[in-house]
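A, B, C and D are the chain letters, set down in written order, and residue numbers restart from 1 in every chain.
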Amino acid sequence: MSDRAWLTTRRKRDAWLFLAPMLVVLAVVAAWPLLRTIWLSFTDTDLLKLDQARWIGTENFLSHKEDGWHGVLADPQWWRSVKNTLVFTVVTVSIETTLGLVIALVLHREFRGRGLVRAAVLIPWAIPTIVSAKMWSWMLNDQFGIVNHLLMSLGLIDRPLAWTTDLLMTSVVIVDVWKTTPFMALLILAALQMLPKECYEAAQIDGVHPLKVFWRVTLPLVRPALMVAVIFRALDALRAFDVIYVLNGSAEQSRTMSIYVRQHLIEFHRLGYGSAASTLLFFIITLLTILYISIGRVRLEAD
Amino acid sequence: MKARNLATGALFYLLVAVIVFSAVFPFYYAILSSMKSGTALFRADYFPLSWNLGNYRSVFRDQPFATNLWNSLQVSFAVVALSLFLAITAAFALARIQFRGRTLLLLTILGVSMFPQVAVLSGMFQMIRGLGLYNNLLGLVLSYMIFTLPFTVWVLTTFMRDLPKELEEAAILEGASSWVIVTRVFMPLMWPALVTTGLLAFIAAWNEYLFALTFTLTNDERTVPVAIALMSGASPQELPWGNIMAASVIVTLPLIALVLAFQRRIVSGLTAGAVKG
Amino acid sequence: MKISLAMTKSAGIKSYVTLCLFTALSTSTGACGKKDKGPAEITISCGSVGQDFDSCKAGVEAWEKKSGNKAKLVASPASSTDALALYQQLLAAGASDIDILRIDVVWPGTLGGFLLDLTPYTKGAEKNYFASMIANDTIDGHLIAIPWQADAGLLYYRKDLLEKYGETPPATWDQLTTAAKKIQDAERAAGQKDLWGFVFQGKAYEGLTCNALEWVASYGGGTIVEPDGKISIDNPKAVAAVTMAASWVGDISPPGVLAYEEEEARGVFQSGNAVFMRNWPYAWAQAQGKDSPVKDKVGVIALPKAEGGRGAATLGGWNLAVSKFSKHPEVAADLVLYLTGAEEQKRRAIEYSVQPTIPRVYEDKDVLAKNPFFASLVETFKNAVPRPTVAGGKYNEVSSAFWNAVHAALAKEKPAKDSLTALAADLERLKGGKW
Amino acid sequence: MTQTQLSKPRNDAADPAALAIQLRRIGKSFGKTRVLDGIDLEVQRGEFCVFVGPSGCGKSTLLRLIAGLESATEGELLIDGQRMNDVAPSKRGLAMVFQSYALYPHMTVYQNLAFGLSLGRTEHAEAERRIKEAARMLQIEALLDRLPKHLSGGQRQRVAIGRAITRQPRMYLFDEPLSNLDASLRVSMRVELARLHKELQTTMVYVTHDQVEAMTLADRIVVLNVGHVEQVGTPLDVYHRPRTLFAAGFLGSPKMNFLGGKLAEVGEHRVVVSLDGGGRAAAHVEPGGLAAGDAVTLGIRPEHVRVVGGDHGAFSATVQLVEDLGDHALLHLDRRQLDGRLVIKSVERRVTAGEVIHFELPPEDCQVFDRRGIALARREAPPSTPAP
């Protein structure tokens, strides 16, 4: 009876009161568009013929007709883009996390000009994606690109490399890493900055090797923040679109799930089919996220 | 020992140099390109050959670029203010109050980030028009919540969890309401997280293109990324590279200024002295 | 108390919100308020920021003076995919925010359903235009757009290098290949290491469809999907054409050409690092720019043909159309006709070197004086190959499948034959019963 | 024997008006874990009451429950005679000092002291007066403009106490306030707290696991163990007449010695225990319902073991370790010979390790606990020394 004591009840009420504005905004902004997309995935809506839409059940996902299997799940192009996306995500996110950690640790140290370095590091993230992707495609051009020029004058290569064709995936990874590492670095840095200093000082006084301090003290302490940063980075990478789109359009070799979705939704104006692909993308990401959260033991509850 | 220290120091600065070089060089190259025109754009140079500001002039002359900048600023600041406000209150509830459905709620919020932006585009378009916010900056502010909110809520929740429990309890005993705890006790301690998420949200809003293009129409309501995408040369095939680079440099400068201005807030040890001796 | 505090804290946001709402209301009434009183206001989207926009603006202003109506100009994204996406979104929602839109030659099939039939307004003026272009803009007997600006593929070559090695501008692809190889090898031996024989648009995007269509059509291999809807791409001539193109890559064309769009190709050519280039007419003015290393060393001719084939250039360009949802269709149609009229086209040709869509304008002395190479364009436009717009709304899918197939062949992932056979099967599937 | 009986103070009549806190059958569970179980307790107004017990005994939970930071699963909490279960923590009129101080790191000392007052809408002049007063009392006037991070641990704790004082509560709650301080600071802060209590004359409830703090500060000690009250009483009462084996073992340093055995003789006011390690010891206690042969534990504090010269003693054992503390020495005897631990606190310091000594267990100082750990009542009253 007295379990419903003042503090608990009052705080639960506060919780919902505090959540309400955000929930309202999310309901307005997200709920309708998201549910509509899922609903559309069961219709054959064409953006140009909205009035002719019919409910076709799961036909967009998979169906069998006399000439074989149809639907997103039967489209080898879809599976190729799933593969592309997963490769891209795993490679970029792991590189970005490592580099982000290194940069954050560097910026966490006191040194002269730290402020400027911090601002400098943020520049890649600050340049609009469409611009930076285009800029890189310019810089990576095999003939007049500065990257080849630089590497050749440094004597590292003797012939211009075809970055945007043979090394396409490498280029895409380079650009994405360049662009989004600051995001990781900044988030990790914030986590480092909020750590109590005492832990390190104690460890330093004890003469523990810095690497050991990093593994035993720093990393476990920033882990929650790091995990969240990785989640959001991975969610972004799984939906990767603009960098790749600008570098290589919707060409098959580098087509990601999002590009596939966009191609069908916009370029082919197949709202129903594209929505089905979006819904699948959503489920794939959900699955991976749940997997990650449970394997990574991401903390969802307060202690 | 001294020699070793010196060597580590040198290595450290070498690392800093490498980081700065890789981060800044493309931007430096953009500045170089922004001062070039014609065939010079197709040449790889390392140093500026001339100080030609023609591209900058034409960026402002050919379109209401100043208005676009101002629009971007308004939208981004509003997005940051709104999402931080919504997120910090929500984060307090999610991080510090036990209630049923909290985990589910966190996952649902995360779920919003799992839809590709392009998939929600047409639904969002309908909604924006339905609310009468088409071609209105407010429509942009609202629609940007779909990608800033989940992120800010999650990050702030993570950080809020780590604040000492005793501070909150001390405040409760002194008669502080949840609102007072959030605003007067926790917020000042969360500056690194607030500034960081705020900056990231600002940049995301600042650089957003797809919604901005679709939900605005007139040049007076458009934001900077759209303005850049609108630039073209004498023909649709030509890319006005010099102008685009000039515009990009202009666009990036406010962000750098912002980072420098908020530097001091990203300092370490804000919670120092709160607990323990 | 909590709530009252919240209010004070968010007062800043609130007032901003109110302000925005207020602005929104006032501007929307500003835009829609004058519905039927006095002169109508038209919104026209006719190009992206730059010369494109300026040239349109001058014409619109002249029309405003003449007609007494008002027109508001809205810039469209430079990327045509983005522009199409934007228009689709607006038109699908039945929005009347834009009255006149500038559409690409391949869009009529896609957007046709949302565009006004202009036949009642033209008073027979369509016969003045290139017939191929008018045909392109006619969907089910409705003229849904009027050609405004013409475009077609051309071959650029280095006059100086050809002269140096005693070559003449190539008439066939074989001649081009031989000449390119010869000059490239000789120049490289002479120290010009970066020189390549031929650059074109090889990235997997719409531009590759244009390039490849030219190869295939000039070999007599059809136009992917014939005007009667038959899928024709899987034929020996088309395979020969694509095989030839694949042989260039890495030989006379840099491997990076597979990622080139127009500007990358121009960059290489204009820096003096290519003998031949396939590009649109716009590159001419650039190559002749005062700081261009190849100024006055460049020649332009129609694209080569195959032995026994015909010359073929892919038709490009822009048209003006009126939205079905326009509140002032007559006024809008009037503006379209004004802008696409001979007089306005002449002005744009002289002031901005824009290629007219009316053959007669090419005979104009003033126009030719300003743009001497225009003379050679008339034939090109007359023979220009339209892209297979018979696919209608599915054009983008056809094109995407085509460029991916060609790209795979160019990158030597698959032999041209296999690639095109698979393509034909895909297209059949896509076609279903009919386009 | 009920807890209510135990909590009866020695001389005060149970005047309800004099009770600051009444706990009635308080229980608390976290999920399936039972943390507090049927706690009955009364705290007198103006009293310095110390909750003591090992970590995990529920003492902090009990304190937080009084503060309102936790809610009871069952039972009733009364403060000044009013039911408080559902009253907001801030409305209970109490102030709490945390182990970790919980100072607001972004506020100066002055702001830390003023924060609660401003929330309580205390008038500015009044707030300033109170802050000055508290600062004076705690000698932190010079620190008012500093941030917590620029203070030493002791200073931080003073500020934390000051923050409590300015609220002028009817009751102070302390949650292990000294455990983050180093030893010497702890002693001086302890003295200061005692002085403060004298000066303020307000009820103080103090949680600690340190028995020295409990002994020196408390008017009354509440010994807690796994969620229930073991004993309530004055420090000396608990020290000399522990009700349970647990209470006996918890207070006193070094700990009371326990030796297992069986009742050999049961007399009136007296029993004889036959120790498992050999030998017999008498104790002046009431046997209660026990009979010969029952297993018991004999307890004796180290200072009560009497070392005797020569070989007259009833017991002998080898000294394993000698800890010389200057004024006295602790002699640790070989536990194998005694079948249990035995430490002797001796002023005689010339003993060396390895030596065999002889000693006696004076019957008037021996305690006997039954199998359940309940003490057999002692015959005579303990020597009445005034509380510190």
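One rule holds in what follows: a residue touches a chain if its C-beta (ideal position, glycine included) is under 8 Å from a C-beta of that chain, and two chains touch if they have at least 3 such contacts.
Model, not experiment: these values are computed from the prediction.
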Interface with more contacting C-beta pairs, comparing A-D to A-B: A-B
Whole-Å gap separating subunit B and subunit D, where each centre is the average of the chain's CA atoms: 56
Length of the line joining the C-alpha centres of subunit A and subunit B, rounded to whole Å: 15
Centroid spacing, where centroids are CA-atom means, of subunit A and subunit C in whole angstrom: 34
Interface hub residues of subunit C, defined as touching at least two other chains: 2, 85, 89, 92, 267-268, 271
Overlap residues in subunit B, where contacts from two or more other chains coincide: 42-43, 82, 85, 121-122, 126, 172, 177-178, 180, 229, 239, 241, 269-272, 276
Residue numbers of subunit A (touch at least two other chains): 7-8, 14, 47, 144, 266
Touching chain combinations (by label order): A-B, A-C, A-D, B-C, B-D
Complex interface listing, subunit D residues touching subunit B: 64, 67-69, 88-91, 94-96, 98-106, 115-116, 119-120, 147-154, 156-157, 163, 167, 180-181
Subunit A - residues contacting subunit D, complex: 1-8, 10
Subunit C partner contacts - residues on subunit A that touch it in the complex: 14, 17, 46-50, 67, 137, 141-144, 160, 162-166, 168, 248-253, 263, 266-269
Footprint of subunit A on subunit B - complex, ascending: 12-13, 15-16, 19-20, 22-24, 26-27, 29-30, 33, 42-44, 46, 82, 85-87, 89-90, 92-99, 102-103, 105-107, 109-124, 126-127, 142-143, 145-146, 149-151, 153-155, 158-159, 161-162, 172, 177-178, 182, 190, 192-193, 195-197, 199-200, 203, 206-207, 209, 224-225, 228-229, 239, 241, 244-245, 247-248, 251-252, 255-256, 259-260, 263, 266-272, 276
Complex interface listing, subunit B residues touching subunit C: 37-43, 62-63, 74, 78, 81-82, 85, 121-122, 125-126, 129, 132-138, 141, 177-180, 183, 213-214, 217-219, 226-227, 229-241, 243
